[in-house]
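See the structures that follow.
Both complexes below contain chain A, partnered by chain B and then by chain C.
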Partner chain A sequence: MRRFGEVTALAGIDLAVRPGEMLTLLGPSGSGKTTLLKVIAGFEIPDEGEVYLGSRNVTLAPPAKRDIGMVFQNYALFPHMTVAENVAFPLQMRKVPRAECERRVREALQLVDLPAHGDRLPRQLSGGQQQRVALARAVVFGPSLLLLDEPFGALDRKLREQMQLEVRRLQRRLGLTAVFVTHDQEEALVLSDRIAVMDAGRIAQLGTPQEIYRLPANRFVAGFIGESNLFRAKVVAADSAEIEGGTRVRLPAGAPGAGADIGLLLRPERATQLSAGEVADFTIACKVSEIVYLGETIKYRLQADGGLDVIVRWPFRGSGATLAVGDRVTVGWDRDDMHWIHWS
Partner chain B sequence: MELSTPARLRRHSRRGAWHYALYAWCALVFIFLMAPLVVVFPISFSSSAYLQFPPPGWSLRWYAAYVSDATWMEATYRSLKIAGATTVLAMLLGTPLSFSLVRGRYPGKSALNQVSLLPLIVPVIVYSIAVYGLFGRLQLIGAWQAIVLGHTVHAIPFVVIIVSAALRTFDIGQEHAAMSLGASRAMAIWRVTLPQIRPSLVSAAFLAFISSFDELVVAMFLGGSNMTLPKKMFDNIVNEIDPTIAAVSVVQIILVTAVLIVVSKLGSGAAPAN
Partner chain C sequence: MTGIPDSPGTASARAPAGRRGWWRRHREGAASLANAAPAMLFLFVLYLLPMIMLLAQSVEGGTLVHYQKALTDGLYVQVLVDTLLIAAYVSLACLLLAYPVAYFLSIAPGWWATVGIIFVLLPFWTSILVRTYGWMVLLGRNGIINRALLDSGLIGAPLPLLNNTAGVLIGMTHVLLPYMIFPLYAVMKRMDRGLLAAAEGMGASGWQVFRRIYFPLTLPGVLAGVTLVYVLSIGFFITPALLGGGKVTMVAVLIEQQIRTFLNWGFAAALSAVLLTATLLVYLVLRRALRSNMQWN
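Moving on, here comes the complex of A and B:
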């Protein structure tokens, strides 16, 4: 637990990172993810609780004694040192002999594909190259844990995607255990073995990207990850619920008993357009109220006759009839396409 | 477009007028600052025994007089020694103080900040009399170390102002990075922070040096019979006024300029290694 004055930045965090995995702390700003990273790195001392690295209690150990490699948001390369000097820095701090130091710097620069850039200064490199140097510097001393603090924020989209894959490859290749902080859910889904979604200093859900996306545990996660339709509903019988506005739906398996207040989650891509004669567990007649073209998909906002607002997203194949605002359409989904969560 | 063109032209010419006004103003300032030098340099090479401008003839006799006079040389040496020691002391005290004032979180910090700048506000003469009283009781009058202490108090605000400003804009993430890479805090400051604020450190040291090397009042009170260069120059003007003073001035200007050149060499940001 970490408190700042009256504000509790972290509360009741119980998180075990598995060896060799890439675990992402995902959350909006102010959710405590960066504070948690600082606690792990040793820049913050928790008011309560302990931090273990392997079997070693490092709660009170200074950052230098933790053996953790860290890549910072702005890279934090030392501008007065060359690339090679930057990468050599952690080795020098560990009093690695000169010859071995040089060899390992060379290997590390090779690893990030910058073998010929050792004599340059950081400011002579592009953003992506600086990022690689920061990465080389963070892994050159063989840390037992790698921390990445929103490292891709400053890169443009294309470079960011490339670097994400590269970081992932490197992490797998070196078998590094890594904790990655981001507020970008797409990035989290791409990079992680597991994601810890953080909200108000707590872990709202911990799971694989698939679990987080398909089976969000609560409203916060459902709303934060991906786009979703979340209908508030009351369970009225063993297997059916009434959505606000009076629409009845059949519940997916495992739903709670009558009287419970639940949310029903439907991902926009799970609803399909039904032509006459096609059936689904649940069908609804709507009118198109808004169209957003997204490239490979089109997003439609539909107004159901019962008053329900439904967002759907379908692939756009570039040919065939597309819908126009005001068109009438029947959409449907099976009950397994829906996922229920407790409302409160 | 047709409408906007004349407007743009007008704006252009107006900016041109401002430019010329600025040039003229800069030229005036330049002349004002340089005029004394234009007088001092020729007089120092004068053959006359009086401060006379323009000089009636040329010679190096006043430089010879300066160099061959033991009291002048002693005063020069003493001033350099005092200014050097003051610089070292002010940097050693002022730099950690700046770190504390910028980074620290403790009660009374803003008060300490004010106190550290106080020597700039208290009139030098008041300060000098107070220090004279104190050091007189401690029998330190006449010791060069006493002048160093007196000057250090005056030099610290310069160091604190400049180094604090540098630290305030310095990204603490750099230090964190160094620490995460295995450096102790002291090592991180030594290897990462200080090299990056070096231009400010050098400027601070230079100002500390000049503030002592040029200082008259404190040295007058504390120096006793052991004169610093400014005190000796003052006495020379009061007592015997001859062009030696001009020669000394030129030497002093050249000395300070030399330091300034060294400073600007050391003070430029990190240069490429190759």
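Moving on, here comes the complex of A and C:
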């Protein structure tokens, strides 16, 4: 178990990474996620608080003494060394005997699917291959923790998705405990066992990708992860609230009592188009004001008659009739399609 | 349409493809040749032509006797060997002194780096003659250095620092130091410090980071600086002439002697040719080392 005590450079971070899990630090730039990673790696020393690696307090240990494997943003491959020499480097620093060193380098390169590239120089490799070498180098010495600092930023989309899955497979196969830093929420959702969403040096929410997406804890997380409709509302009775503009909605279970200032979150895919006669907990008549084609889905911006702006996203089926700007539709959703959060 | 002469469609429509095609392919080459002509003429008249004339003098009368003398007479061979050795010592001394200086310049925060670079450049802008006489004042038997050492009781008799090889080495190292500092500074400034952090994160100690990562990555600068200093040292004249006091003979000093004292132009020309060849050889060897050692660069 790893525990990160209070760090004033960040602000009251208390985070425990579980053995064998992939934990993602997700946040916009300046949220402190990279600083936290540096504190873990030992490149920065926290003003306050402690860092434990297993049962060992490593708060003041230099990076070289931490036994942490790291994949850097630009890979940081040594340009004057061959691929094999790069991967062998951490082993040599640990005085691993030559024969064993060679064997482990071979295995590591096999692991990242580059068995025949040992003699090449980094600049002779493609971006994806360099990434794999960096990964091999980070895991070759069997580190107790693997850190990944925005490793996919330089890759094009298709390669990025492929590498994400590969990294995930490798991490699971080796049973590695990993901390992964990214600002890309999609990447975080794909890769993580748990996500720590960071905002202004604090952890805004810690949870599984599902929890983070479906049950965001506050406005920051709701706005940062995925697209959403967030309606400000005031609770007026035990189970109903009034959205700005006077529309009344029934509240999902567990909502606070009357008078509370809340936000109601509705994911665009949870609203459905209702044909005549269909009913839902909440129904509004709208006019289509904007259409965005996204390939497998279409996003509509709807203007409700009460003045409410609602974004919905529905799968695009070749046969189904699509809407045009100006069309009138009725949309509805059940109260449990919504998730409530405190507004403040 | 005619406003776009480069458009392939219009060109082939208006003229026979053959000649126009050739002109189009070669127009750029011809234009850059025309642009380079003044510079090439300048180099030819002021540099290549005198050199050819010099070489012609060395074989005047159709004889290689001057070369034979330069390359077989023990005295002159010794001068050549001394010259190459002194150049090597100077290069080494410059490297050892310049490396830490360049390192501190490369990591110093803005204002300090600027001040440091000015201090490196300052002697660079001063006449080499002035600097050499300055060293004479410092290094002489009654010079400032010996005075200070004698007065402090550190030595009993003055150190021989002038009119010998030591004096020449000190003076030349001082004059040539900036030529070593700047190539080193350039590669150090460009150094990706993330690589050093990465090496450290992988368990390397400070010394290992230097030996395995930092130093190899500065090798291009090391070899550029060494080449520059070595090549300049081989042909050095003023400093060895003044600080050597006639006791340290380098090839350039020898050449001057042959012309001024003995009016032996043919032999001086042959020595020049040997010096030039030696310089080129050293340059080629160093460049080869640079290539094979730094394929990654």
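The working rule: the second predicted complex is superposed on the first by the 335 of 344 C-alpha atoms of A that agree within 3 Å, B and C clash if a C-alpha of one lies under 4 Å from a C-alpha of the other, contacts with A are read in each partner's own complex, and residues count from 1 in each chain.
What we mean here is this: contacts are C-beta pairs under 8 Å (C-beta built on N, C-alpha and C of every residue); 3 or more make two chains touch, one makes a residue touch a chain.
Being a predicted model, the structure only gives us computed values, none of them experimental.
For the composite obtained by superposing both complexes on chain A, the positions of chain B and chain C are in clash. In the superposition on chain A, no contact is made by A:283 with either chain B or chain C.
Applying the stated contact rule after C-alpha superposition, one finds that A:119 touches chain B and leaves chain C untouched. Of the two partner chains placed around the shared chain by superposition, chain B and chain C are both touched by A:79.
Of the two partner chains placed around the shared chain by superposition, chain B and chain C are both touched by A:94. In the superposed pair of complexes, A:63 makes contact with chain B and with chain C alike.
Contacts of A:110 after superposition: neither chain B nor chain C is touched. Applying the stated contact rule after C-alpha superposition, one finds that A:162 touches neither chain B nor chain C. Counting contacts by the rule stated earlier, residues 41-43, 62-64, 66, 68-70, 72, 74, 76, 78-81, 89-90, 93-94, 121, 137, 141 of chain A appear in both its interface with chain B and its interface with chain C.
Residues of chain C touching chain A in their complex: 192, 194-195, 197-205, 208, 212-213, 216-217, 219, 294-297. Those residues of chain A whose C-beta lies close enough to touch chain C in the complex are 41-43, 62-70, 72, 74, 76, 78-81, 89-90, 93-94, 121-123, 137, 141. Those residues of chain A that touch chain B in the shared complex are 41-43, 62-64, 66, 68-70, 72-74, 76, 78-82, 89-90, 93-94, 119, 121, 124, 137-138, 141, 147. Interface of chain B with chain A (complex): residues 171, 173-174, 176-185, 187, 191-192, 195-196, 269-270, 272-274.
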